[in-house]
Amino acid sequence: MMHQGTHFLQIPGPSPVPADVLAATGRQVIDHRGPEFGELGSKLLRDIKKIFKTQHDVVIFPASGTGAWEAALANLFSPGDRIATFETGHFASLWSRMAIKLGLKPTTLGTNWRAGADPAVIEDALRQDRNHEIRAVCIVHNETSTGSTSRLADIRAAIDAANHPALFVVDTISGLASADLRMDEWGIDVVVSGSQKGLMLPPGLSFNAVGPKALEASKAGGMPRSYWDWSEMIAINKSGYFPYTPATNLLFGLSLVLDKLLDEGLEAVFARHERLAEATRRAVQAWGLENLCNSPIHYSPVLTTVMMPEGHSADAYRRIALEKFNMSLGSGLSKVADKVFRIGHLGNINELTLAGTLAGCEMSLDLAGVPHQRGGVDVAMKYLAETA
Amino acid sequence: MMHQGTHFLQIPGPSPVPADVLAATGRQVIDHRGPEFGELGSKLLRDIKKIFKTQHDVVIFPASGTGAWEAALANLFSPGDRIATFETGHFASLWSRMAIKLGLKPTTLGTNWRAGADPAVIEDALRQDRNHEIRAVCIVHNETSTGSTSRLADIRAAIDAANHPALFVVDTISGLASADLRMDEWGIDVVVSGSQKGLMLPPGLSFNAVGPKALEASKAGGMPRSYWDWSEMIAINKSGYFPYTPATNLLFGLSLVLDKLLDEGLEAVFARHERLAEATRRAVQAWGLENLCNSPIHYSPVLTTVMMPEGHSADAYRRIALEKFNMSLGSGLSKVADKVFRIGHLGNINELTLAGTLAGCEMSLDLAGVPHQRGGVDVAMKYLAETA
Amino acid sequence: MMHQGTHFLQIPGPSPVPADVLAATGRQVIDHRGPEFGELGSKLLRDIKKIFKTQHDVVIFPASGTGAWEAALANLFSPGDRIATFETGHFASLWSRMAIKLGLKPTTLGTNWRAGADPAVIEDALRQDRNHEIRAVCIVHNETSTGSTSRLADIRAAIDAANHPALFVVDTISGLASADLRMDEWGIDVVVSGSQKGLMLPPGLSFNAVGPKALEASKAGGMPRSYWDWSEMIAINKSGYFPYTPATNLLFGLSLVLDKLLDEGLEAVFARHERLAEATRRAVQAWGLENLCNSPIHYSPVLTTVMMPEGHSADAYRRIALEKFNMSLGSGLSKVADKVFRIGHLGNINELTLAGTLAGCEMSLDLAGVPHQRGGVDVAMKYLAETA
Amino acid sequence: MMHQGTHFLQIPGPSPVPADVLAATGRQVIDHRGPEFGELGSKLLRDIKKIFKTQHDVVIFPASGTGAWEAALANLFSPGDRIATFETGHFASLWSRMAIKLGLKPTTLGTNWRAGADPAVIEDALRQDRNHEIRAVCIVHNETSTGSTSRLADIRAAIDAANHPALFVVDTISGLASADLRMDEWGIDVVVSGSQKGLMLPPGLSFNAVGPKALEASKAGGMPRSYWDWSEMIAINKSGYFPYTPATNLLFGLSLVLDKLLDEGLEAVFARHERLAEATRRAVQAWGLENLCNSPIHYSPVLTTVMMPEGHSADAYRRIALEKFNMSLGSGLSKVADKVFRIGHLGNINELTLAGTLAGCEMSLDLAGVPHQRGGVDVAMKYLAETA
């Protein structure tokens, strides 16, 4: 099967990389111990903080987001430590599973694949934890498997209301630079993220933004660790360098992406995502299909997960979109496998790419014989024109 | 005004260049007299013939399409020579104007900016030219300013019916590799084309495909010429080289483009263009707007030119499309300036890019306050799904 | 300070990436769960084995080489386990330090920064380890800090002679695809490597080639681990996919690099490195300077480390090379800091790039006032011409 | 024959394009009638003047340098016009041959393939032209076939001394941005140039810088012309646009190249070329070989042409350099075919690339069995170090 024209990569990440960013990652590699590198490193270690809205250190690993998950756990906790999680979907579940593999004892406070984490449940659990055995509350900000975005400020308030000393650890791998995140204002102790979503980079870089309470905890404890160790990173980063060979070419791209995001302005970036997400949801509703996320306050600006009508295979549908229209959609994962498909609308995206995406979805519904109403693209266009 | 996401370059050429072709043009330049170049030149001079459907020589100039126009005239005609043209639009008119500047005497046999050249008119004029003073019939295959495609086989038949020895010279700058062209089968003596349309390359290369009758004419006459001279080109091309420095990096791209087009298959390429053009026309009709081309047999597979309702500025409309939706549309040229806009649907294009384009057009109609019916994108999607 | 022309990146890695490989890494990212990715993954997981000369699995991490060190240790050993190392230089020492951080008990059997690991010392130590407490012999194949290459076949023979069951674990981060390595033939249980040296890729990928005995050990034990875990990788790799988001764009590059290396032929690649290394050593000798490696059987084909005459700063010298001649040389690390400089001659290198490099070294010796004989480049050219 | 490592493209143009410039030419094409293009065009039409050291218009053609030759002749002269030339080599001769093809009557005032044009000869000829029939003196600034650079200020003085009204027309295709050229100060009426030499771009752009006297002459006369016509270009260029489709992607590159050259500073660029040229000449002399240019005041900063000893084939020698060392050298053209080879040292070049180049030349002399003295690279290094 030969495809013509531009591939529509509309999975919820990796998201399409802008052409100039791809070009930047294709620069010749440089000496990671030379003066030019030091300037590059200092510049981007300074600017990346603005993306996390923090004054504290952001550690950059040459690794996938999964690595940054492990880094956060390894620096903070010791085998046997208890942490509290909230299962908002497959990735929250995977992170919890990783914690178990690393010897921790995660407690799932609640499970809801159709909304964000529930602050009331968290508050309640923390209040009951009189001995303060729970070392941390670990929350996935934007659950990539479902399209729900947890409200971090409310969760912070819940922890405070319970008067509990737990660390607040957040995974925003698919949320960073798409959904607002205010590390310092919201009192987040560690933020985990990756390069291949809102940062519009290829996969291969990941991040731990580390607040002072977390840094202290890591100094006092944590697991035996080397690659993921914050302390050596932070020490050497002071001069713009890294303790081991960094993924230099992704850093070239990161430097450019930071310029682009800060030029557009983070609030404008968030507003753009919100608007395209709203257009997408209106299309889904017009089709008569259901959003997996059924809690409007948790709708994701990054992706929308659509439930397939009973008796229809989401994967067969996605195959049609790929074969007939050269578009990749995200699959349902784990317990929603084949039951949902996910539309990514993040990163380097604009109105017309979204319109093409929704047209591809609508035509594929038709071709797949999925019961639906026409007119989703129409409704989306109406909204986009009104808000142009 | 800062734009996010992919620019939709929907002018009727230059058309968007595929990423791998851009990368090919970005290879380091090589010695144009070395052995590697000879292999490249031989390969592409052989393959380019297939695109013109000819067994004869195709001359490649480092020049825009305008240069290849001049080349055809300079090799074939002497000052004072009469040629016959048909004004199908602005570019036919410009070519005629160039002929005048070069000292030729072009006769415009007919003018119709809303259809292709009329074979009956041509036949009639040739019959009346009893002394065979008309040296050539010069026709624009696909008129980029209007979206009409002339039927070359019919024009060939008209020349034959008139039993006239005129050369048949065709400009298919915007038609090549989008609209079928059969140089040898249709008895075309010279075909003029360029790189930046259906060939999906940046501008900077242009072509003269030269049949035997034309070559003979050029040997007997033509203007004083050097850069455009066919004879030296053809002689040196035998070994894969060029008489002066070629545009090497565009040739790297051309080599790849030829592979891609021949892999897809020319007939599949034409069918893809026809289908996307039909979808576009259905959208235009649904909007209640008029196609500048009012002759269905001449509808262009490359672009569709839309007439603005009286009292509305096409240029103001295009400005909205650019500013609000990051999409470039083609302007009206010369006597239809500000009265029409042109939608390019050529080259490296597929269904979803077209859907995004039409969505941009429809939303811009709304924002510009142009009276229209909604539903154009809907109608286009319906057609695209049915024919998927 | 503005530099013109091509930068000479002559550190012992990251090595200059060929232009076509950079272009490959600059392709648009694809869906890591789609069918195109599966084909890519299957192809490269098959071909990478040839580079390690193994029939067994090669695990690819989105990580620096340092991560692959950790992966090997984490999969094989449990806290408290004893391993034997040989300190051939800074990197062997760092690996040992990492083992300590991870809770292992490394024993340094010997230290020699001027030669490869001594098989006799290893054999002796293993013989004395009557209870077989030493779980593994961990050796750096090509010590990047000194330019010594250990003879792995001899070390294998030493382990066999001692009739000891220790695993044989080898780091060839800077040796892969430059110095011969025969994993299966030499009975190596785990090989650790990275992308940015002989593989001519940007940094960001690393490897564990895993033999059956190692795989068994990892199933029985190892540390708590998740990101580095072999078992999930190997299971999912069967279909060409990865358990978490891979560094897709580096994999595009890897696929091309494998084609290039296998086209040239591994033995030709090794011979090219040996020849350029010999030319370099002859230049160093002609200058009257000393190679840090004083054992000819351990000379590295990858880099040559040059000792500065007493009282002269290697770093000041390197600064001159950078500022005056736009060339990066490797610095002395740890206990040879400022006392040596390192010339990388690996990867995408040929005779003339080496000649330029040696010219830069020789001119910088002059400018830095380092006592030396002229004529090093001359001697190197003589050798290169004789062996052309 | 498979080559490894970087190709040394040491012909006197096309010269190697810097990686960032290649990347710039690989940007997606834009609408040549849109606002972004207008800004680009205005910027580069302004900056290109600085490279010619002129206040007047610089016309940019999508064409090779040969096209710009034709443009100058076509705008200035009418068939039958007399022009005076000086045959400094093959390219001066070709330009003259073009003039004949275009119907002009060129007179060759003198022939010297071993030096620049002789001002005394020119002055004498102009004095004898009492009726001022000579319309122009056409001089090749840097003769790419021989490596001689004519002294334009002296020729200007000769024309003035003869009190002759002839236009002064200069081809600096291979001299621009390598050898100083001061169009306005030296009273040059038209300067012809191209993109692929000192401008470090791929071939495909060429230039006519047009002074007021030339512009007047073109308005009063010239040949029938269209593509090459200055007047329409200059008129439309006022707004940053072009009368026909420009080679947009080369203009992206040109914009960057202008920034780079103006950042380095033209005088620094010239000094860099002079220094590398002097190093090359010293190497040639040390080899005991002869420079084709035997007039030191005319030595070219762009290339050095080396005469092969009697009985030795320059082409066989060049083949060895290509096959054994992956280096392209320039061939002898026309009457010096196979008798000389040419070393390009222009554009994006620095000391170490030159050292590699000279090493390749010296080793190839050895392999080809050409009688010579060793030590050329040594001598060049000595000079480069002294002047570092």
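Observations, loosely collected:
Letters A, B, C and D name the chains as they come in the text, with residue numbers starting at 1 for each one.
Keep this in mind: contacts are C-beta pairs under 8 Å (C-beta built on N, C-alpha and C of every residue); 3 or more make two chains touch, one makes a residue touch a chain.
Computed from a prediction, not measured in an experiment: that's the story for all the values here.
Judged by contacting C-beta pairs, the busier of the interfaces C-D and B-D is B-D.
Relative to subunit C, the most remote chain by averaged C-alpha coordinates is B.
Subunit A and subunit D have Cα centroids lying 54 Å from one another. Centroid to centroid, with C-alpha atoms defining each point, subunit C and subunit D lie 46 Å apart.
Distance between subunit B and subunit D, defined via averaged C-alpha coordinates, is recorded as 34 Å.
Those residues of subunit A in touch with two or more other chains are numbered 16, 19, 23, 26-28. If each chain is drawn as a node and touching chains are joined, the picture has every node linked to every other.
Considering their complex, residues 7, 9, 11, 14-17, 22-23, 25-35, 61-67, 69-70, 79, 98, 101-103, 194, 196, 202-204, 223-227, 229, 244-250, 322, 328, 331 of subunit B touch subunit D. Within the complex, the subunit D residues that touch subunit A are 19-20, 23, 26-28.
Listing the residues of subunit C that touch subunit D in their complex gives 2-6, 8, 16, 19, 263-264, 272, 324-327, 348-357, 359-360, 362-363, 366-367, 374-375, 377-378, 381-382, 384-385, 388.
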